[in-house]
């Protein structure tokens, strides 16, 4: 029984470590802010869940797994909220999701996410929102940042 | 291997140098306050690297760990006090920085000196 | 445990007890009254401590009932009692004197915060003076410096803010240097109690750490005590602080750091590093001599009266540093007694300046013309203080200079040089005091200046003259000040009483 | 061996982040990096077996000081436009300072060397006598509250002075600003009310954070925790509510007079415990006279002063945050 | 089990280093905020695994405090951005108005 628990928690821990490492690697390798955000936030919750569950198995029937469950619950709630809020803030302050299609060229009308134009685009975005400076227009789907534009548009094109 | 044991003190010395350099070289008030807080947290590192004992654990004597070697509690008590002193000085310095920004309109020390000289 | 045994703790406990009360009860005038009551009680307790200490006996008070190296211990000997008396005396005089001038400088809104900060500044300084634990000195040093920053930033002029900011930066760097020094000492001896440190630091074999600790502690305290090259925060801080605050911090705050330097150097480093006296002299004598000349020269060319007195404080601190550097009984006595006397002189002079500022609404020397006739009593107090600075007989300044000269003469030809330096700087002092007297008495008030006719209010004049008269009394009957100072010097140097 | 590997990793990161803080132009980035700096420092303290200090450094260094810096940045400027001052003098002085220390620390005891003098003199007495005299598992809390209680009293008054200083500097704002009308409330932008998800999650977590703060307060004798950490955690909870709901609602939750009373009451409690032990015939801050049996007296004393410290630190952090957030840009 | 904890700790440390590198190099400010957020979560995991590695599992409430502080830090950043945007909008209006 003890050996089984050990093997199970070892597997969980190692996969959690792998997830966490992939997250870190993804944050380094991804070309642009939103994709990095995507890599970081997913592995944050996933890796944390695996590692914490792995540790829970080791804790036995004392108070420890309860504490680990509290940590997991807390991370499970706050990490996605923080990522969402960050992406929303980035979108509102004008960081455009600039991605390449297969041909390597930027999409027509998309500027690459260089910081310099951001200031200009920032004030443009602000003027665009001047009518309702605080309340975001209900219609605009500001809730979910553009996810994986490359695959969808590529299919539409071919 | 012996030098590795002193690594903490070298990092303490380097952090002090960075903190002092930030204080002397930068004239922006907020940047100097950040440098000041870095200067103070370097000292915490000096005290806490004194309390480590090989194979020791945190000095909380519970039922399972009576006969273990324990780390030295005294530097931890001193640093608990020093951290709160650090945050109090930073809070006061930030309040003064806000008042300076309102009185002078800028937080660059050299511009403030020119304004004072003209006055 | 009779009340008499509890006195050492009471001198700080009273101040710390009333600070939150003064902050919370915001009725009109209550914070000032609470602050004055607490500080005066603390002054009385400090005087009774001095009465016991004058018998040559050291009071050890274990905080929380824990024995010496494990708990924190209050260590009150002649030196701490003298300094405690100076601090609480200066604070109560400045508070009683400053009631009116603070009322118009510090609004009704910030009064509770201001007077609570005043109480904490006094508590911090007194706490530093009576404690016998190296880290505890750092904690109370932080209390006193944080509350001094608050007191200075309450000044009406906007330049008070920028001078407070510079004082914060230099004060924190100084305090952190002191903390690093204590950290190295702890690393080498394992204890924090000053007496225990003194005993154990002798057996340390690798003295490199102790040398560096001595270096850090001395430089840190030199920054806090505004010794010459590290004094740049002090003139602006004294000039733009509210007048009553300048009276208090000029009289007490920089001298406490010098007290800590004496306490740490003589109790700990003297008996560990072999020829530490030579190192101390090499460190302090050049600084002291530079302070004497630079302070006086800067004061001569200064137009603002408060900054003029601040520069003269820099040079007077140079005297104290010289006294400490001589590491002889006479020299140390001269230094300690000058700390006390200079507190009295500068307190009186800054009170006179505050009276002038109240009536003339400016402290610029040029437009104080004709103040001699308009405000005879205030200017008379100022002149008495000026004579004290120069060291004319019958003034407290003369006593301390007398002991410094005596100590210098013991040092052979180097001492003769020091005596010459002391005399020259006294002459420089004559110049900048005369400059003010000449403007006040022998120059007609300018035509367009607003005519000032009536004298400063009685409630401000009486404390000023009390301070000046106590100064003269201590000049005549030196049993208390020199008595305590010589006992302190003998105990520190280990000479039989 | 294992600690050396981890501390090697963490300390090198610490130096890299410190150099980055020095070089960045944008103050906001410097504040963010100083948040990372405190987190690495706290992780390092944890590796060096200082659990209490790690908790304090994290809660105060990474939490409260980042919020204060951001509050101050919102009121001042965001870019460090300081012209490049001659770098020779600062470089020389700081490298001289560093050189002196490195020169001295060659004779310092190695990390974790049990024969160092520091572990010989005073520390074993504390570790041995605490179960016997004070009978509190967490030796650090015992030393902090009882053996060196006078230090912590000074510490509480340092925090009290900081609160007084900030109130004196950023004190009363014109009352007109506080009585905000509903229309103006819509426009008031110091809240995240229109972000639906953060608002719901934030408000849902505030009670748990305050509860966790109280747990740390009363758990201080048994595990890492105590008055400072608990006060900072409770304040962090209230600050989260004010961040989400906006300054006005935050000041309705914890009104300004209440946090000042909390500050003064905490400091007053601590001193009155000291005076009470004097009245009961013991020395100042000697808890063993507080109850019939010395050990019970110590427990009672430590409990009351930790509560005092918790109250003061919570009140101070809340007052300072409100002072910054209420200060509109002039 | 000992070396599994050790391997996990090393993996977390490497991710921390990567997060710090992204924090330093990140072109836009949001990359830096992302790095801080990621670093905070990794510290939580690091503390949890280290407390199991050193055999003192009752230090987990430290990890919970870290997670909480990290969460509040991100909210403070959000509010800072928002007030910055409003200030920019106000300045833009004032210039437009002039």
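For clarity, chains are labelled A, B, C, D and E in written order, and residue numbers in each chain start from 1.
By our rule, contacts are C-beta pairs under 8 Å (C-beta built on N, C-alpha and C of every residue); 3 or more make two chains touch, one makes a residue touch a chain.
Only a predicted model underlies this, so the values are computations on that prediction, with no experimental measurement involved.
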- Item | Shortest contact path, chain B to chain C, counted in steps | 1
- Item | Third chains touching both chain E and chain B | D
- Moving only to chains each one touches, count the minimum steps from chain A until you reach chain C. 2
- Of all chain pairs, which one counts the most C-beta contacts? B-D
- Query: Measuring centre to centre with C-alpha atoms, which chain is farthest from chain C?
  - Reply: A
- Item | Centre-of-Cα separation between chain E and chain C, whole angstrom | 47
- Task: Could you please state the distance in Å, as a whole number, between where the Cα atoms of chain A are centred and where those of chain B are centred?
- Result: 33
- Item | Whole-Å gap between the CA centroids of chain D and chain E | 19
- Message: Using the touch definition from the top, which residues of chain B touch two or more other chains?
- Response: 16, 20, 23, 29, 50, 57-58, 60, 62, 74-75, 78, 81, 85, 88-89, 92, 96-97, 99, 109
- Query: Mind pulling the chain D residues that touch 2 or more other chains?
  - Reply: 51, 71, 73, 101, 105-106, 108-109, 116, 118-119, 122-123, 126, 148, 151, 154-155, 158, 161-162, 165, 169, 189, 192, 195, 198, 202, 205, 223-224
- Shared-interface residues of chain A (touching two or more other chains) are 74, 78, 81, 85, 133
- So the complete set of touching chain pairs is A-D, A-E, B-C, B-D, B-E, C-D, D-E
- Message: For a test of understanding, state which residues of chain D touch chain C in their complex under the given definition.
- Response: 100-101, 103-109, 116-123, 125-126, 129, 146-151, 153-155, 157-158, 160-162, 164-165, 167-169, 171-172, 260-261, 263-265, 267-268, 271-272, 274-275, 278, 281-288
- Task: Provide the residue numbers of chain C that touch chain D in the complex, in ascending order.
- Result: 1, 6, 9-10, 13, 16-17, 19-21, 23-24, 61-66, 69-72, 109-110, 113-114, 116-117, 120, 123-124, 127, 131, 133, 135-136, 139-140, 142-143, 146-147, 149-150, 153-154, 180, 184, 186-192, 200, 206, 208-209, 211-212, 215
- Query: What residues on chain D touch chain A, complex-wise?
  - Reply: 186-187, 189, 192, 194-195, 197-198, 201-202, 204-205, 208
- Message: So in the complex, the part of chain D that touches chain B is made up of which residues?
- Response: 3-4, 7-8, 11, 14-15, 18-19, 21-22, 27, 30-31, 34, 37-38, 41, 44-45, 48-53, 56-57, 60-61, 64-65, 68-69, 71-73, 75-77, 80-83, 85, 87, 89-91, 93-95, 97-98, 101-102, 105-106, 108-114, 116, 118-119, 122-123, 126-127, 130-131, 137-140, 143-144, 148, 151-152, 154-155, 158-159, 161-162, 165-166, 169-170, 222-224, 226, 228, 313, 320, 323-324, 327, 330
- Query: Which bits of chain A are touching chain E when the two form their complex?
  - Reply: 6, 9-10, 13-14, 16-18, 20-21, 23-25, 27-28, 33, 36-37, 40, 44, 47-48, 51-52, 55, 58-59, 63-64, 67-68, 70-71, 74-75, 78-79, 81-83, 85-86, 89-90, 92-93, 95, 113-115, 118, 122-123, 126-127, 130, 133
